[in-house]
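Structures follow.
Look at the two complexes coming up: chain A is in both, with chain B in one and chain C in the other.
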Partner chain A sequence: MNRGEGKLSVVVDRVDTITPMIKRFSFRARDGGELPRFSGGAHVIVEMPDGEILRRNPYSLMSDPADPSRYAISVRRDEAGRGGSRFMHEKVREGMELTISMPVNMFPSDRRARKHLLLAGGIGITPFVPHILELAAAGAAFELHYNVRTREQGAYAEDLARRFGDRVHVYETDLGEGFDLDAILSDQPLGTHLYVCGPKGMITDVIGRASEFGWPGQNVHYEEFLAPQPGKPYQVELARSGITVEVASHQSLLEAIEAAGVDAPYLCRGGACGQCETAVVSCDGQILHNDHYLTDEEKASGEKIMVCVSRFEGRRLVIDR
Partner chain B sequence: MTIVFNEETFRDDFTFRNSPVAIKRFPFPFHEDRYMYSVNIEPHVKTAPGSVYEHAFDVDEHYVAEMRDRELVLAEDPLRCQSLPHMELAGWDLLELIMTSKAEDYPDLFELYRDGDSWRWINRPLGIDDSFTFGDASTLPYGPMEYITRQTQGDFALLDQRDGNLWMDAGIVTTQADWSLDFDIGMNFFEWHGPVPLAHDMRVFERALKFLLNLQHGKPARRLNWTMTINPRLDTSPENYHKWGTDRATVTPENVGNLVHLRVELQTFWRLPRSNAIVFPIRCYLIKMDELVTVPKWAKRLHRVLKTLPPELIDYKGLSRYHGMTVEWLSRYDDGSPTSPGFFPDDWQDFQR
Partner chain C sequence: MLVEGIKSRPVYGVLAPQPGLSHIIVAEGEGAEAVLRMAEAAPAGFFAKSHLIFVPRGGDRPDRADGLRALGAADFQSVGSPADAAAAVATLLRDAKMGTQVYVTGTEGLIGLVVQAAETAGIDHASIHTEHRGSMARRVQCVHCKGITENVTTQPVKCSHCGLTLLVRDHYSRRIGAFQGVCIDAEEPGTAPRPEELFK
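Entry: the complex of A and B
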């Protein structure tokens, strides 16, 4: 692997329809070699050349970290979204060449843990698949509780349940099932680390209850990719580049900057890593901070904006880019 | 390129020396005539063939002697190499990174054969030919980190990433500029840096930490740091201060050229893929003043840098005892004429050819 590239050329190896809403895509390296190793919880950014627009969306890797021949991701179709998942579902076929980023992990396991307690909801299962394979290979103690609407949507969990038996618990919410959070949280050995990935409401609920049960904050981990929210179109002046860009209602500020040919740093594109932090030069209006990287004080100060997910409403915004 | 390995020592009789080639490729750390603390991080990409930046892990004429010195340090003090239990996977990551890099960069010196988890590693300079199972530490004579770093120049810190911080949870440190792994093990980024004069004001550590937390696999970075050492001693550890601290009192105006050494650390930063840890190799290069002044540009520049160095930094770097004498000695090689921009000697292009 050459130092300094940060991107991978891959070929779509296989597309599987898991449910009408979920497709699984498998990639192999275009040069036929091994793909870089990754750790459970890592994601890649998939570049999608969709006509005039180059979309870049993050997806958790869900393949086996021990197998460098393939990567796999799952994409849930989001009709109300900005188009990335529709592109993946409608345009991406076996044999297609794509560019993806090197894996980045913002949701790793803590290897000091005596036990790993994994709570998943819906498509939030994806980062836990490599986590579980990794933990099982290392002989670590783990337990997965997975809420899914129907059995068929729980396809991945079926496979895990077959392999790991009573360490995997699947609940069908359409049948009124669901994990008993209080029972689970109140009966864990010391040194257990908790990981949660799923819908926003579930994450908030789990974190809140864990705190009430006295779980130390450092033992509670979550991953929530914030998709950039659509909003009203607006203009932003890029001070260093000396240009003004138009941000369309279904475009993020970062995408508008990139579309204008200006290079901007990013890693997660989901408001979590802090890499795209940009200084605000002047602001006459309101920044709609959608990230969970900046502190409340930083958001209130109006001096910084995370361009991957945040927007602006008002008369004039000038940023240092 | 064939490397002839020096027969030399870094203790007792101090026979360490730099060949003319080693002098030319010395990582001189000053790109201008003044020095101020900065983060100065850049991508660790292949640059300047022949330089120490060409390969992922530079191997030079001091390799065999440095590895022998490391062996001596570890025999006296095994605590120079420590790894907390959760860091073994990061050790395998490091072993893989170094073996694959060296086998690719120096095929005449190192060879690696892999068949799944069955690996065979040949290190010709050190006469090693080992077969082992990747991931199974019982098939190696040491843990994976210790095994590979006993064969690689430079100190290594393995940093675990969690809670938005980095933790020094493993490492091997035998060539350090007065810091101790045994003291720092388990500390986080802010704890082990402690107070550095003139640095906290500039919030450089906050920025450096954010950079490192977002460091990506496949995009390593590097920076240079420097200090000065009396005698070509690699192991200037706090544990052995009683052995080297007094060296500083032996400098006289007559022996500056032979005793005073510029000590440069080539620090690199790598994200490790299987463990999500960061490895921080700190490679030490030494050059005595007599050797350094054979490059006229460096003689002039080092004179000016030392002369204008803020008092806090003279103190922090432990130069107080001999700083004045060294500036005075170097002044003989500085005619006041301008120096060219950049780090490299003026005849670097000829050297590369």
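Entry: the complex of A and C
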């Protein structure tokens, strides 16, 4: 397996249309070997050479962690997005070669849990598929509550319900259904860990309600990848590299740094992991902090910026890169 | 003699009312004051879903128990020892749900036993609310005979089981709920320094 710079060369093995909005892509190693093992909750960054732009988007792995011959991801088409999901839907075909990152897991299950409570909304189901396969294989107690608009749009709902029976609860929000959060949160045995993945509003509701019900932060886990937000174009000086880069309105600062040939660390590219944290040398203007990694105090201090999702507006920004 | 900066040394906080579906509050001796202080900040209805366990210390003022009883907890229980308090907590937690908060205040020995019981029931130790009040006396486990000596106030101390003279370390076991005691004069028996009262 070619692992140059922690990257994997893969071939698109299969493309399946799961719902009108969701496609599932299966990858195998280009050299036919085994892919590195991963654990439930892991994601990979898929590199998308889209004309002049090299896009890199994170996607949760959703294949069976026990099967090293394939990786699979699911991509929901986002018409309003920056183009990564449209690229995957329109350009990626079976037999195509792609470069992906090694798997990284920022959303693992806590194996000390007495029970795992999984709450999914829409495409947020993806990290839970390998979690469930792993937990079921380990004989761990789990319960999935999955909100989808319609059964037809509920990727994998039927399959999970068939395989895991009464441990899987599917709700069709178009029919006015939906999980009863208060009832679920107030009736879990001590030692339960809660995991939530889905739309931002749902994650916020679940975390807030769990806290009000006295769930300790140690037992509440969530994953939300933020897409870099577009904004006004701006310039940034890279102090260590001694160059100035232009950040276009639909480009992230990290992408601009990479396009200038400067190596910058990253893992999630979605404002969650903290790997791309960069010190601000000087700032005459406003940093638009879009991540949910830095604390409010750190954001207010203006001493750090997460270059994967945050932007700048103002006269001059110098960062330590 | 104490080595500084040992990471297992427990760090205690200050009790404050937390959101929760039910509350288990354990106080020993002077810990009653911590509960009364917490009560000042408690929202209406807080004690109606609380179970309060009190461990009086020898020579305790009788009004301490009265003060706690007056808080109107759904259940109030006075028990004879820290071990009894830990056993009561274990029983209460057996069928408890997520959203149950555990608060414990008193000596380190009591806190250690209750944290141990709560952790066994599935609560992460970091989510148990603790406040140290009263004596600094320690529960010490002799690393040689594994016997536990309670209420240790001196450094070094004689193991109440095997009689070795032990250096009491900051090295703490959450599993056992005790500090580690290591023979201080193993190389040249009889050369141990005189005990000083260090943990009053």
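Here is the rule we use: the second predicted complex is superposed on the first by the 315 of 321 C-alpha atoms of A that agree within 3 Å, B and C clash if a C-alpha of one lies under 4 Å from a C-alpha of the other, contacts with A are read in each partner's own complex, and residues count from 1 in each chain.
We take it that a contact is a pair of C-beta atoms (placed from the backbone, for glycine too) under 8 Å apart; a residue touches a chain by one contact, two chains touch by 3 or more.
Keep in mind that what you see is a predicted model, and the values were worked out from it rather than measured.
S.K.: Is A:Q218 contacted by the first partner chain B, the second partner chain C, both or neither?
M.R.: After superposing on A, A:Q218 lies in contact with both chain B and chain C.
S.K.: If you tally the residues of chain A touched by each partner, is the higher count for chain B or for chain C?
M.R.: Residues of chain A touched, chain B against chain C: more for B.
S.K.: Using the superposition on chain A described above, determine whether A:R114 touches chain B (first), chain C (second), both, or neither.
M.R.: Second partner only.
S.K.: If we overlay the two complexes on their shared chain A, which of chain B and chain C does A:S63 touch? Say first, second, both or neither.
M.R.: neither
S.K.: Just chain B (first), just chain C (second), both, or neither: which does A:P189 touch?
M.R.: Once the two structures are laid over each other on A, A:P189 reaches chain C alone.
S.K.: Pick out the shared contact residues on chain A: the ones touching chain B in one complex and chain C in the other.
M.R.: Chain A residues touching both partners: 112, 218.
S.K.: Would you pull the chain C residues touching chain A in the complex into a rising list?
M.R.: Contact set of chain C toward chain A: 18-21, 93, 96-101, 121-124, 126-127.
S.K.: Quick check on the complex: what are the chain A residues that touch chain B?
M.R.: Per the touch definition, chain A meets chain B at residues 1, 3-6, 36-39, 41-42, 65, 102-105, 108, 110-112, 138, 218, 267, 273-275.
S.K.: How about chain A: which of its residues touch chain C in the complex?
M.R.: Touch list, chain A to chain C: 112, 114, 185-192, 211-219.
S.K.: So in the complex, the part of chain B that touches chain A is made up of which residues?
M.R.: Within the complex, chain B touches chain A at residues 43-46, 56, 86-87, 89, 93, 160-163, 210, 213-214, 216-220, 273-276.
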